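In the two complexes that follow, subunit A is the common piece, with subunit B as its partner first and subunit C second.
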Partner chain A sequence: MRPILSIAGTTVGEAIRRRVLLIILLVGILFLAIAPGLSILSARQERAVLIGLTLGVIQLTSVVIAIVLTVYMIPNEIERRTIYTILCKPVQRWQFLVGKYLGAVAALALMMAMMTVVLIVVYAIQQQVYSPDQLAPLAKAPVMFFVQMSLLAAVAIFFSTFVTPLVNFFLSGGLYLIGSAFSSFFESISQSANVQPFAKGIATFANMILPNFAYYNVQNPLINPQQAIQNETVYYIQVTVYGLFYIGILLVGGILIFDRREV
Partner chain B sequence: MKKSKSMLIGAMAVLAVGQGLMSSGVILPQWSKNYKPRAEGIDGQLGPDQLLFALAGFRELIAGILWVQADRFFETGNYDAILPIIRLVTLLDPKQIDVYSTGMWHIGYNFTDEEQRSDRRYIPSALALGKEGATKNDYTYEMFFETGWMWYHKVQDDFPKAVDWFLQAQEKKDMQQARKNVLGMAYQRNGQPDKALETYLRLYNESDALLKKEQIYSHFQNKETLEKNADNTLIRMIQRGWLAEQEGTFDQGSYDTKPPFDVQFSARVTVEEARVIRVEGFWGVRPVGTRVRFILRDSDYPDAIPGGMLWDKTDTVSLDPPRDRTWAQDELFVRNQRFNRKLDLSKDPTMYSFLQPEYTIEFYYNPRVAPPHIQDKFGWSGEGMTDKNFLRTDVREGSRVVFTQLTLTRDQILRRGEWADKVPIVQTKNFIAPRNVRTEDEILVTPGMLSEPLEPKLNKGERLGGGEN
Partner chain C sequence: MGAAIETKNLTKSYKSKQGGRINVVDHLNLYVEEGEIFGFLGPNGAGKTTTIKMLLGIIYPTEGEGYVFGKELGDMEVHRIISYLPEKPYYYEHMTGLEILRFYGSLFGIKDDDLFKSLLEKVNLAGDMTKTINQYSKGMQQRIGLAQSLLNDPKLLFLDEPTGGLDPIAHIEIRDLILQFRAEGKTCFISSHELSDVERICDRVAIINKGRIAKQGPLDDLLKGGRIEITATDITEAFSKTIQDKDAIVSFSHGRLIVDLPDDHNPNALLDAVRSSGGTIVSVIPRRKRLEDLFLETVSGHDGSSVEIPNPNDAKEGAEA
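Up next is the complex of A and B:
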């Protein structure tokens, strides 16, 4: 466990020092800070627009950070040959991979936490709401986004064991898009009477194989709080477990591939 | 190594099965119920970049940005530009109720001609948006109330629809107490004062209970209002003979609605210039407060019915009203028993295209929309009103209305062809042109407003001169 934690700690340090990530983070925070200005301009929807915009900015920024952070992780180590200095120590490849992943997730958590704090401060100031009871629910969506980004990071790190960063960028980004949109599409297909059973079977198979990123888009009830969601906490736990399952699959797959790879 | 590899593959298989079962068996149904974005039709209306963002889970972000954009258009008065935004935002995030209600109000009220006449061709779309908003947000009263309000306040006709929507709104737990009173008003407009009274009394009891629970001014105020509403309704039910009618004793007593008052309606329409018409006429009611509905429309306007149209026939929110169709509607204000209004329809060719060959002019008066002081005589459903020429009982169910139609051709309205040099005039058979000078008994003197008579004192019936023109 120690080597994993050690590699994770080093990865967090590297991530914090990477200027490109800091710039993305700063841009995100800047957008969060100016969001109240935009929400004031919206007729009768100040609150909804403020939360919608800020959560959207956090999610979008996190997607970019998650992909940019992870696509370069393994290939850079191989390219710079720094991986030799690690693997020559009593560290196994799977430990290296898991350590890298955990480091990426920790860095993501740090950056997303910063953005969430800015979101809560901005919301409190703009809405003149300072009660923790009213502010705490805002953190629900970023927490779910964090699970979503952890899953995305796992996807990216899986691909990074066998494809180049550029290809990985588009692969991971593409899978995120498909994984976000497919569920609605799948539901339409499965409910349509005109679709042939064969096509339905393929859709069902694809729905089971593809990671479903849409499950984590829970922001709508926060933006429109009139909706009553039953068993919200149970749902959050279920999708987190689902995410952990998927992350496990991707990491194991990554380990199997990385183990056979020549470095 | 081989063993650990097999274990890893085995773990992968277990995790894969686990996630598959969780996804399809547990999470998907809950997600579909609570979180699935219902945004049918956005693909055809979003740009590629917007669509990409929307599909990627950033619907609310896009919706927010679009709504901010809409505000800019509101401020600059670019109302046409707001329509597609409203549609997009409601498609992207159908839970944004304020966008639905603002959009509905905007579509229903804000499109007017140069003389501030509302473009009624938009009403079906506004109602369709309200219907859609209510269906997609059936957990709250808001869109049910807003749609009911559109019927009650804007359409001002077909009040059973308003009642129905307000009733649905009342079924929702979050319905505001003070807003519940409107159901009583709608019942009155619908000619059901008994239901209105029942509603007021029920709400009064509710307010009383709330006031006992919580001593706040709004409960007190609401209770007072309901008490006054119930009092007024009860008094009117007696004075207007409504209760007697229900009991079958109407013939035996003296009531305000007896005998029915003949309004002696007559009207004339003159095409003074191309697309400019003057509407004038007589309405024998002295007190001010009467508004006679005037409609000039294509004779074959789709879904038109006497005095209106089937406003909620469509479920489609169309951003573009039928440009080739003409529907001009106004309320003619009656003063000193006369109405006289010039309608310039020449400045808004997109609203009044006059592309069809024949046009129907309708005059429609339904006592259900009359102010209370006139309803005191006419009753809720016109039982105290008559007109020897134009009283109709077949136009609106359960209501005695004044209704008549006249016809103009396109050439007459555009003053073309044989009508280039002639002034087209259509009028009811009983129309008598007004006199220039009124007799004393025709001048309505408001006490305290005039210290001296306007004209030399005359004997009753004596004229100053001029006579009929």
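Up next is the complex of A and C:
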């Protein structure tokens, strides 16, 4: 466990110093800060627009950070030869990969926490709401986004064990888009009775194999309080376990490939 | 003393762009004795770094087998007692020298700041321990690399170009440190292009060319075969023609005779004959064969395929391959 934590700690240290990530984070925070100004332009309810806009900014910024952070992680270690001085110590390859992943997730958590704090401060100031009871629910969506980003980071780490960073960027980004936008579509086709068996089979297979990123888009009840998730806590636990299951599979797959890979 | 490293037909091949496979390391038989400084030489692209990576368990052999302290390559127990200083090392730039040692130390479960500081002192970086790596010069990075490679008090050190790119003072310091390691009973496996260093500090060497061992053995044995150059004046042409030694290279011009003899030939008879003929001995210069000569002679003109692969047991006994 010790090598994993050491590698994770070093990964966090490196990630929070990477200029490109800091620039993406700063742009995200900047958009969050000016969101109240943009929301008053909308004719719709100011509060709903503010929440929708800020959560959208957090999600989009986190997706870009998660992909940029993880696609270069393993290839950089190989290219800069830092991996050699680590793997010749009593460190197994799986420990290295898991350490890198946990470091990436911890760095993501740190950056997403910063954005969430800015979101809450901006909301509190604009809506003149200072009660913790009213502000705390706002953090629910970012927490679910964090599980979503951890899953995306696992996808990117998996691909990084055998494809180049550029290919990985499009593969991980593509999988995220498909998993966010088309999962419900695949689900409905796989359950429909009026679809040809071949198309149904493909939809069922896609539905089974692709992680459903849309499960974590829980911003609607926050934007529109009339909507609610039934058994909210149970739902959050279920989708978190679902995410951890996929993360586990992706990490095991990545370890199996990385274990035999030439570095 | 047992074997620190032993390989039998260790081979690493890759797919070539033209199809087929290329043997980067080709049926390598190495034997490194515990406690010795072993020089691993070869031109660029000869397969030195690939061999080291296989020995470290970082990459896997395509064929053959290898053992480090009797255990198979990649064994985690072995990783506790070996260390590696890569050529042109790179370390996490945001860390200070002390943090680098803390990080690598943590991989062994070592949390001893006193040890880290003593190692920094040993490599003359005690005054720079709070500087980040991106503030370190190339020589300082090499020295922090050496410090990290000593964290676990290794029994075997793999040093890939340990003095490459260093200024003369740092160069001498690192050379002295390697000698100190031998005095402490450690085994050093050094890959280097600095032939003068290798000649000065190594007990045995192997020369690898195109993935195959071309020469392997104790340095003293490999460097046997020096020559003696005798120069004499006031010599007649008739006398110069009486020199019958078939191994001698004789040149004569305007009464000056130069005879180049293998160093295992006794020169006394020739010297006596010169004096008897009325000639004057100007100089008798023994010329030891240098590692550079051996290296050039081995690498140039060798296509690798015609080289006899040494038996590890022969190498063990110090025989020339």
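Just so we're on the same page, the second predicted complex is superposed on the first by the 255 of 263 C-alpha atoms of A that agree within 3 Å, B and C clash if a C-alpha of one lies under 4 Å from a C-alpha of the other, contacts with A are read in each partner's own complex, and residues count from 1 in each chain.
Here, contacts are C-beta pairs under 8 Å (C-beta built on N, C-alpha and C of every residue); 3 or more make two chains touch, one makes a residue touch a chain.
All of these numbers come straight from a predicted model, not from anything done at the bench.
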With subunit A superposed, do subunit B and subunit C clash or fit? fit
Quick check on the superposed pair: does A:T82 touch subunit B, subunit C, both, or neither? Answer first, second, both or neither. second
Using the superposition described at the top, determine whether subunit B or subunit C touches more residues of subunit A. B
Name the contact category of A:S6: first (subunit B only), second (subunit C only), both, or neither. second
Quick one: classify A:R17 as touching subunit B (first), subunit C (second), both or neither. second
Contacts for A:V91 in the overlay, against subunit B (first) and subunit C (second): which applies, first, second, both or neither? second
Looking at A:E262, would you say it contacts subunit B, subunit C, both, or neither? Reply first, second, both or neither. second
Once aligned on A, the angle formed at the Cα centre of subunit A by those of subunit B and subunit C, in degrees rounded to the nearest 10, is 160
Contacts of A:N207 with subunit B and subunit C, given as first, second, both or neither: first
After fitting on chain A: smallest Cα gap, subunit B-subunit C, Å: 11
Okay, in this complex, where on subunit C does subunit A touch? 53, 56-60, 76, 79-80, 82-84, 86, 88-92, 94-95, 103-104, 106-109, 145, 148, 152, 158
Touching residues on subunit A, where the partner in the complex is subunit B: 38-39, 41-45, 48-53, 55-57, 59-60, 63, 176-177, 180-181, 183-184, 187, 204, 207-208, 212-215, 217-221, 223-224, 226-231, 235, 238-239, 241-242, 245-246, 248-249, 252-253, 255-256, 259
For subunit A, which residues are in contact with subunit C within the complex? 2-3, 5-6, 9-10, 13-14, 17, 80-92, 260, 262-263
Subunit B contacts subunit A in the complex at 5, 8-9, 11-12, 15-16, 18-20, 22-24, 26-28, 30-32, 34-37, 52, 55-65, 67-68, 70-72, 74, 93, 95-99, 101-102, 137, 139-140, 142, 174
